[in-house]
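Take this structure, written in structure tokens, and hold onto it; I'll ask about it next.
By written order: A, B, C, D and E. Residues from 1 in each chain.
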Amino acid sequence: MRRSVVPVLSVVGFLLVMWYAAAVWLNAPWAYDKATRSGEVLTTSTLVADTWSQEKPKLPAPHQVGKEIWKTTVEKKITSKRSLIYHSWVTLSATLLGFVMGTGLGILLAVGIVYNRTMDMSVMPWVIASQTIPILAIAPMIIVVLNAVGISGLLPKAMISMYLSFFPVVVGMVKGLRSPDQMQLDQMRTWFASKSQTFWKLRLPASMPYLFTSLKIGMAASLVGAIVGELPTGAVAGLGARLLAGSYYGQTIQIWSALLMAAALAASLVGIIGIIQRVTLKRMGMA
Amino acid sequence: ADDVTLQLKWVTQAQFAGYYVALDKGFYEEEGLNVTIKPGGPDIAPTQVLAGGGADVTVDWMPSALSAREKGLPMVNIAQPFKSSGMMLTCRKDAGVASTDDFKGKTLGVWFFGNEFPFLSWMSKLGISTDGGDDGVTVLKQGFNVDPLLQKQAACVSTMTYNEYWQVIDAGLTPDDLQVFKYEDQGVATLEDGLYVLEDKLSDPAFEDKMVRFVRASMKGWKYAEANSDEAAEIVLDNDASGAQTEMHQKRMMGEVAKLTAGSNGALDPADYERTVASLLSGGSDPVISKAPEGAWTHQITDKALN
Amino acid sequence: MTEKQSVISARNLDLTFQTNDGPVHALKDVNLEIKDGDFVSFIGPSGCGKTTFLRVMADLEQPTGGTVTVNGVSPEEARRQRAYGYVFQAAGLYPWRTIGGNIRLPLEIMGVPKSEQAERVNRVLELVELAGFEKKFPWQLSGGMQQRASIARALSFDADILLMDEPFGALDEIVRDHLNEQLLHLWERTGKTIAFVTHSIPEAVYLSTKIVVMSPRPGRITDVIDSPLPKDRPLDIRDTPEFLEVAHRVREGLRAGHQDD
Amino acid sequence: MTEKQSVISARNLDLTFQTNDGPVHALKDVNLEIKDGDFVSFIGPSGCGKTTFLRVMADLEQPTGGTVTVNGVSPEEARRQRAYGYVFQAAGLYPWRTIGGNIRLPLEIMGVPKSEQAERVNRVLELVELAGFEKKFPWQLSGGMQQRASIARALSFDADILLMDEPFGALDEIVRDHLNEQLLHLWERTGKTIAFVTHSIPEAVYLSTKIVVMSPRPGRITDVIDSPLPKDRPLDIRDTPEFLEVAHRVREGLRAGHQDD
Amino acid sequence: MGWLIFAVVAWIVGWMLNVWLARRPPSRLTGLASPIVFGITLIAVWEGVVNGFEINQVLLPAPSVIAVRFASSTAILWVDFVQTVLKGALSGYVIGCGSAFLIAVAIDRFPFLQRGLLPVGNFVAALPVIGMAPILVMWFGFDWQSKAAVVVVMVFFPMLVNTVQGLQSTDAMQRDLMRTYAAGYWKTLLKLRLPAAMPFVFNGLKIGTTLALIGAIVAEFFGSPVKGMGFRISTSVGQLALDLVWAEIVVAAIVGSAFYGLMALVEKRVTFWHPSQRN
């Protein structure tokens, strides 16, 4: 753990330097453009200063993004519509609901696939095919259709999260529920254990490591789903709406801060699962 | 109170100020209405929402509504708060565009999603092909912002007088750097931002009555917004859940929008309608609508609402 | 001495596996009688069908011909009655359960009341000399201890028959000697009937009242040797001529089976 | 007889592993001399450091104290000179290579010309009686055949020293007897120096000119037994009193080491 | 009502057919037939429900309508396929997977990079990359290059993480063996680590297939020339040409599944030795 602090810090440091350099490079054309039109001449230092402080840069400098995040998290009341924390919360609630539904669906499907040969043979290819459908393309339709049957608000977004998060759970859980070897299953047979006993006492606990790995992927997918789901709900609120509004008005700084906020949210959600994983597996004697 | 759901064509901004003002000032309430305003977005097709029953009435552009009508979705214009079109093509002079003759060989940014129709009929009127090449223009599906113009990826982009044009200005280009073509001036303007409902619902007297009250209150809102432009912008800001709009931009937008609504009392002018239809029918090889629609508008509501 | 009762009896047993490369004749025309209180070892080269035979007795595999009865009923019925405990080659303890939890597992499945569970777990843990390790997880124990825990688990519900498939295969010689001794004690004390698969000639001779020598392709019984050794067997018995004599006979039988290769 | 040359020599060898639960003293004060042409077996309970000792000789582990020389140079230097072949406990064949490809692997790495590679592969395949299996993949062979292939791999580049870590641990007794015999033949014919780890007393006694008995915690050598058996050893030698005598001595040594448990 | 009964009957018949198939001895044929039967059942139920409940075609067209539109629009679909799949997705996939692979090998070489880059990589991998699409469109223009860039970003991290994991998947004994041969870094890489990494590499490649397609399509929502699957989908929704939208989605699903299947096939060939491929 401690061993990686220095390497991680140096990599992050390197990335920051690259970021600043890229900001100069990407924003310079606009700076020159402006300068030519107003007839100024740019020295290196004014160029750099300009590229790091444009209002709508192609690539905002890290400190610009940092300032924006600070302004929209710490300096705003969390109930304000201009607070990123408020928007994160909106996204988070859809993410969590979708994640719970996706995990549930995924586990149910996995149990079906493991226990029912018919399902095993027929469903799996379609589960894979379902993921090749571009969700962003049908997300608006899902929302409209659900609207038509009277479902709106959190649930449609959560359904899109569910759609993205159930897949890794199915794949992981099928693997996990099948991870007990033949001998362990035979053992259960020798004790004349029922199907449900075999499930609760063998298959489920054996699948735990797989479950947690899939949950991590599923959580990240769920967040993507919530963000995607926010784009066509009318850009009302949430990190996705911020991204979109930022994009609509060319506010790159706002886009980047929403993006980083989303990444931080994803990292902390995945991190929380990681902690639960460690605690659970430790208590189960599997870590 | 009766429930009414209004689906907007785009995100919450001063373009829809009249409705927010009516809501905020209690005009709807006075009419005994409980109105829900659903913001739109880039992927929301208001027509689809209407078809799905997600809204009672929607704000849409007429080309898109007429096209939907031909697809079998009987949308009817019941009111037209916007008198004139705010659409224009904004070009960089340094890209070599000074007049419509300079378009050939250039790349032009166009909004799709049902908003491309006026552009296509304009081009066909100019006799310019839209499939690229030296004799035609290369069309690019423009995203939500004016980046292609700023990044010089396109010589011109679509803008609204009240919105994107000012984003270009804010970005640092001056009006002198730009050459704009207003659709109104080019004679290809189509009706924007009207109120549409499904045809069969109009025969229900209860619904009709609701709409009468709704249009009456909405127009009251619009006229209030025109008169009190800054206050209207503030009201819009209060209703923007994304918290992304800025006061300066919305006040300016309200000022521009007021110019577009100025000539309308809410009732559709049949002459404007005919002009729009004619323009769309002339859409070259692939016209938006193939024959003149019937019953696509009515004064049934405005007659009662405004008298 | 009255004739003891037959516990397991196989008549003309045949078992063919259908595989991708064609059928594998794992058991052919196998006849065997195991009496109450017998300690029967199965020895033979790899792939001769020892495991398969044991699995047939345990109703983990269906014969394709012939009959087996366990306690006079079909293996399936015997399994229903939980008539036997089965010890697999690897300890196969569940890593997420403590040693106690592992031993408790069959009891939970069979619906033994909680209070009795605890008592039984304690008893068998003592039997295999693992008292005090109840709360440990499997990976905190050495291989030999894990194997003992797995035996304890098979003993916990006190079936009259014990089927053991190379339970000591993975252990070192000293530990193995020790466990062999203990297994003999247990058998003497409880009078269980034990079927025991092994690869080791000394182990087979040391433990058994009856040694079944098998040979492969197709798997069949080539020799059944009744041990003349007394019931009481110190480890040193392995250096006696009687022992070496039996061992020699087993080795000869095995070598004969290998000749075909 | 002239004094034979020392091939491996360990002086006051010490090796401590730093683990999370504190240091593990795997080897303590180990002294040993292996002469040219010796066949030395290492025997001892699990965890006594047999593998560790072998790995030190092979420069796969660094001692924390004392010195080892192999052919008079450091283990690292010896490794660079490809002075030894190492056979691991598991066959460890690469599943994506055929048997022939696996045996060719060290030759490719050492830059042996293609034509010679083929010839050598054939020769060692014959040596371990696997001719005809060159094109098969490892998983298509039985455990015993895989183990033989892995020995062939270690033989292919004809190093003078052979380090073998329980190469026959996973095999059944008959196959093991057979491979033991063949290994003895090979050793006689080639005059290689062999260091051999095993858990089996008979195997150690049967094969070796010298038996090293080790005991754990900390791992140290408790006894070094020079075998009085002749070089020529039929399998039957295992029933002779001399053999049993040596075996007894080894067992006593082992038991003494186990006492501490 | 008739249509609804049709849907119910179709479901029951399809399910029973699959139950029957599942009872038969497993073979290539049954393995192929049962997902097909399942798919046909789904489509039949869809047709029945859409017609039975008289769902507006503007909301959800019936499969028959989609099929007709598909057949009559092959020219458009082909143009879009070339633009989105061949130009955008494929080039991005190759660049993304290729560079991730090379960087993984480099990371593996230097433990310092491994310890530094992997946690950062994992953080970035959790980032909702879709959000990068508008930015990349801004950077790389509206044509296929920006779509390829989005695809590169999307496939890069799954591929990187998998490859790094694969290169570390050799067990200690296999590495020790190489040591005893005094094999150098490159020989060990070539003869041991790369072959051993293949199952993981293919894991990354397979995950990448669906991501590539989604990335390329989604990026077209943020600006594109007037062709491409994402362009068609978004503009057709606006024109209420839902049948064309679904025809594009069908293309996407077929191409995605075929791409995935192709990778699975190559995987089977390359990693024939892995236990998971030997069943």
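Annotations
Just so we're on the same page, a contact is a pair of C-beta atoms (placed from the backbone, for glycine too) under 8 Å apart; a residue touches a chain by one contact, two chains touch by 3 or more.
What you see is a predicted model; the values in this text were computed from it and never measured.
Note on connectivity: the fewest steps through touching chains from chain B to chain D is 2.
Centroid analysis (C-alpha atoms only) places B farthest from chain C. Set side by side, the interfaces A-C and B-E show unequal numbers of C-beta pairs in contact, with more at B-E. With centres set at the average Cα position, the gap from chain B to chain C is 84 Å. A straight line joining the Cα centres of chain A and chain E is 18 Å long.
Inter-chain spacing, taken between the CA centroids of chain D and chain E, is 50 Å. Chain B has its Cα centroid 35 Å from the Cα centroid of chain A.
Within chain A, the positions touching two or more other chains are listed as 58, 136, 140-141, 144-145, 148, 247. Residue positions 59, 134, 138, 221-222, 234, 237 of chain E are each in touch with at least two other chains.
In chain B, the positions touching at least two other chains are 42-43, 45, 48, 52, 143-144, 147, 151.
All chain pairs that count as touching, in label order, are A-B, A-C, A-E, B-E, C-D, D-E. The part of chain D that touches chain C in the complex is made up of residues 45-46, 142-144, 171-175, 199-201, 239, 244, 248, 254-255, 258.
Interface of chain C with chain A (complex): residues 55, 58-60, 79-80, 82, 84-86, 88-90, 92, 94-98, 105-106, 108-110, 137-139, 157. Residues 42-43, 45, 47-48, 51-52, 64, 67-68, 71-73, 112-116, 130, 138-144, 147-148, 151, 153 of chain B are the ones that touch chain E when the two sit in their complex. The touching residues of chain E, counted against chain D in their complex, run 173-174, 176-183, 187, 191-192, 195-196, 198, 271-275, 278. The part of chain B that touches chain A in the complex is made up of residues 8, 11, 38-45, 48-49, 52-54, 143-147, 150-151, 167, 170-174, 177, 240-245, 249.
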